[in-house]
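Structure first, commentary second.
Going in written order, the chains are labelled A, B, C, D and E, and every chain counts its residues from 1.
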């Protein structure tokens, strides 16, 4: 197991945002975590990355406990997070932003190659090479954040809603890129995604979170077949069916 | 005609001499303000903490240098690296033990904390070294050079050189080294810096150490110009004015701002009515900020929505 | 746990929402009203001064806490209020008219400083206000005809309807009355449209504009309001001091005011008051602490300022959200009594957010 | 007639000092020397059997804090008198409070004339600090003609001290039919004086009257020396201090100063001074400066007035005794008495720094 | 569906940042009562277009007519008073305030009473506040926000924050509502709620909606008309189906 999470629990002051979470990521797997708003997905990734501290439980990364470590230490071990909400360095150029991703790396040549590579994925970043990242459009900033994480040469890449604000084309491409990264470097991926259809289509294993707990875990393929999950996360299969006398009542499905 | 012309020329010559002298004085004083300002900018640029205790570190270093020179009997040259290193270590400790704890709190908390630290350092210096003013000599004390009819203290020349050198070094450091870029990054988005594996805490303490060294240098060279005295911390106010005038976060800005404040003071002190000297820099500051809200060289862009 | 059952919206935004609020604030008011009959003149005098600082602190809170504009020059508004009041009284204007007039004059000065605030924010604004304060200090020193210059100016004893308000006990009530009035007015304002506009401008200018808030007018208005209230405190301060010289209104006072607001807790009137109480009683606390130390240590020059710094540092370190934050936590703890958890308020890691592009 | 703070065996005396403000560094000398004098009196059996109980409060150099300190001293500690309290602003703000409550105020360290004005010429106020205006005037009226000065200039500190200096300079020059050639102000805390000196130089000044204290006096002289300018510099009473001569080194050589009292170094031949210095050194381990000497001297005067008031100590009996008292010791130039409650006569000397010590050039006049 | 005079008309507008043209020669008209979706690749200038309308930026060229009046030079704070409301791509909420206060701020343009009334809290003012509160409660009800009413917005999950922002704009009772990627960060179920809401906003509240969006399912469900922007220009417009069939749109935006 690359990552093994045991009974992890995190509080924000008096609020328990995540309780008794067990989850594992095997080498070279792409693992998707789905769940409604406020389910605790971001909390999970942030706890794993050392951004916040858990109250109890363990997170073993490559056999060593990482819970409660500082985020920079976790990142240096190869567990790299693309956080929710585009955290770019607003007053650094796009290039310096990318270079910051490779901050802890020593292999200069490989870094140069990787930069060329992300510029190929996101040609826009090459066009805006010397612009302050704070002035980029929302989607462009998301590209910077993802590219920067890739440049850290992660062993396990954690992405919090990578498709947020990206065009449909890029959304599909992102998952293509994720797969390519995995295939070429063996990097495992843990991804939180609202776009469940895409995530389940490209992921290997899936977890469903509700109200701070894992409520279902299976292979993505198996999850896709489950009726209630199709209902809740895949929009019942089709579009939103506004027309006609479609179900206009709110059917928030939660496991309690 | 001829005589009148000659008299006029002579008057012009003295007027010109005074002007030249005043300008040189302004630059010399401005270099001091700039030197102090850069230490404050350094910390702000890298950690977004506005360090109100900088002036007091400077006082601490001046008193330490005095103690080492007069009580221990060390030569000035031995004292400079010793005090520089000592204050650097103390500043590192201040960050590591105190300032670090409020990382993530709004900027205000940092201002309050450094004000509190300033009080503590000021108190500790009085208790440790005694409250009286002191003095010591540098290798340049009492020496004056003359450049084209303008007198300038050698110590002032040294300070100008040191300020320029530090400005250049810091500018290069931030612009072109990995560590320098990482420091800027850490101040712009600390979370992202952590996630990129930047050891933000250590980096911040390092910056404090660096700023401590500049404070020490400023203190050791400045004190002999006036006296070793706890009120030297007041220079922080002038330095802040310089920083804001030049634009927060800009090292060249701090240099320019410092020298401008020095010049304004001198020109106002000599050419404007008595009493205007002490408010002239502040009036200029207000006007400049109304015209250029982010100072002369400050970061220009606001937030995208 | 406490639950509220409201049948009308106005219950939800009442100042005192619960029966327990009525009880505790009523008790506090009664205690404050009764105090002069019980306590020594010295204590009464001290508390009168604390009230004055509470007013000034609330004034700054309106600006810094609610609108997010930093001022390092609020001592100048205290000064303007004090001098204006003293001068007006010297011209024969009665106390009851002179005090509000002084506040208005100070508010006008606030509007003038507020104009640069349209363009400048954050630390830049802090410097502009600091610069303004230095200029004001200079003007007071040089405008001898009105201010008495550095030599100072006598303040007449306050009188109302022929009765002297000068005795410590009476002046205590004057200060308490004005402080209560200011508190009530600000509390009302801050839970109405203007207060919401203030917080709106503080939290997101972009959104404030998008909702039709005249950001510039709000900023300038906040300055005027804040300066006016601070000037009111200045008018009372003039009587506390009795003889005005510029050295009463230096950067130290400005810093004290900022400390009150921040230590109290940004964005809360309760914080402003708690902060003022703490900072104004700090010297007393330091003096008390000193008496516990061995004489050789207690006499060291620098001890006062060292201890003051230490206390401040501890407050910032252990309660960065200010006294008000601590208060709220305590209350939450008490209210959730059987259910609270030991480490309910353990602090999560936090990360510095750049305030450079606000 | 008030006798608060006076009990069968003790007298409470209050003192408020700038323990935490901008001038905190000068306070230990004042405090120690005052305490030394009281301590000596107590050791000798006190004043009519009463021990002096000295209570020190912090005024932080700010009037509003001074008011609080004095309120405590008066209302809580019930002191009989305030003595040797420091600072113009703090004393001005508290003067009315104290005298209004019937508390004697003795030797406030502040502009004496202003204090009398603020107190409404209260009989309870006794000032001992030389008026900087009258002393400066007296000195200038003597030296300007004697030195043949034609274009005098003034460098002064913004604040009450500077105002007083100019209030001495201007009438002096007026009486000589002159006016200042140039004036230049500085703020407390300033580190650089080149513009002030440049302004003097540009105006062709031939005597700089320096309304400066310690650090500023040294800095002005350093600037003059840097320019290699041969001009006379005369500093007012606060600048004529041992510290200036010592700390200034080569820079202050040749500086003139107006002296208001006798200076005594470690090797003084005056026995009284010698006794004071060794007692002080024994008690506090440091060499006392002239502030300490003056504080000690004023305290002894205060003690003699207390003694003169007799067993039945009230403010009335004290005032009568103080008015009748005279004072002459190792600090004064001559026997002084209270005239309109201010120590007179105010004699001055003109001194000059030679080899790091002040040497008298013109004997007290 | 299309009325004679457009409600909003953006005419030949350009926006330059230094040498960079974020928008060049853009013309868009919005008809009263329609839901217009604006799509386009990242960095196409969609947000910039919205920022022009709401006067965040000054147009370098061109005019913007709202109900026939040129608003391209109006003071920024005037826009809301005309009945134009918006949300932000990067969520601009008043973080320290509660959900309720955020929504009440949305009512700003309807006035809050004279300052002296506010100071004295006169009965008239209390009535006015109650009236505002009643409208706000309607919005809370409409958007299902009641669980969060008194929570400070800073700690809310991303998706809820988006909804609060929508609610705040609705409280302003606009004639035209601009939404910048309202569905980003929402899961399909929540997006479906959003679709219903947008539909109701248009049909029941009679508000014209311009929606910048990357979620094509949402666009398909609610948009009457779609405009695809690229490189600061209109690339294609028409019905959702037409635009999505456009070859340039496919190659630049949707992907194969």
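Definition applied: contacts are C-beta pairs under 8 Å (C-beta built on N, C-alpha and C of every residue); 3 or more make two chains touch, one makes a residue touch a chain.
Computed from a prediction, not measured in an experiment: that's the story for all the values here.
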Neighbouring chains shared between chain A and chain D, ordered by label:
B, C
Relative to chain B, the most remote chain by C-alpha centroid is chain E
With respect to inter-chain C-beta contacts, which pair, A-C or A-E, contains the greater number?
A-E
Name the most central chain, where centre means the mean of Cα atoms.
C
Euclidean distance of C-alpha centroids - chain D vs chain E, Å
72
Distance from chain C to chain B - Cα centre to Cα centre, in angstrom
32
For chain B and chain E, let me know how many angstrom lie between their CA-based centres, rounded off.
48
Averaged-CA centre spacing for the pair chain D and chain C, given as whole angstrom
37
Counting only residues that touch at least 2 other chains, which ones in chain D make the list?
24-25, 27-28, 158
Two or more partner chains touched - positions in chain B
126, 130-131, 188-189, 191, 194, 275, 278, 299, 301, 303-305
Residue ranges of chain A touching at least 2 other chains are 12, 51, 90-91, 134-136
Chain D partner contacts - residues on chain B that touch it in the complex
18, 21-22, 25-26, 28-29, 32, 126, 130-135, 137, 141-142, 144, 151-153, 222, 225-227, 229-232, 234-235, 265-266, 268-270, 274-275, 277-278
Which positions of chain E touch chain C when the two form their complex?
54-56, 75-81, 85-86, 88, 92-97, 101, 104-106, 108-109, 111-113, 115, 118-121, 125-126, 129-130, 133-134, 137, 168, 172
In their shared complex, chain A is touched by residues of chain B numbered 178, 181-182, 184-185, 188-189, 191-201, 299, 301, 303-304
Within the complex, chain B is touched by chain C residues 70, 115-116, 119-124, 127-128, 130-132, 134-135, 138, 142, 206, 251, 255, 258-259, 262-263, 266, 300-310, 312-313, 316-317, 320, 349-358
Would you mind writing out the residues of chain E in touch with chain A in their complex?
17, 20, 39-44, 47-48, 89-90, 144, 155-160, 181, 184-193, 195-196, 199, 214, 216-218, 220-222, 252-255
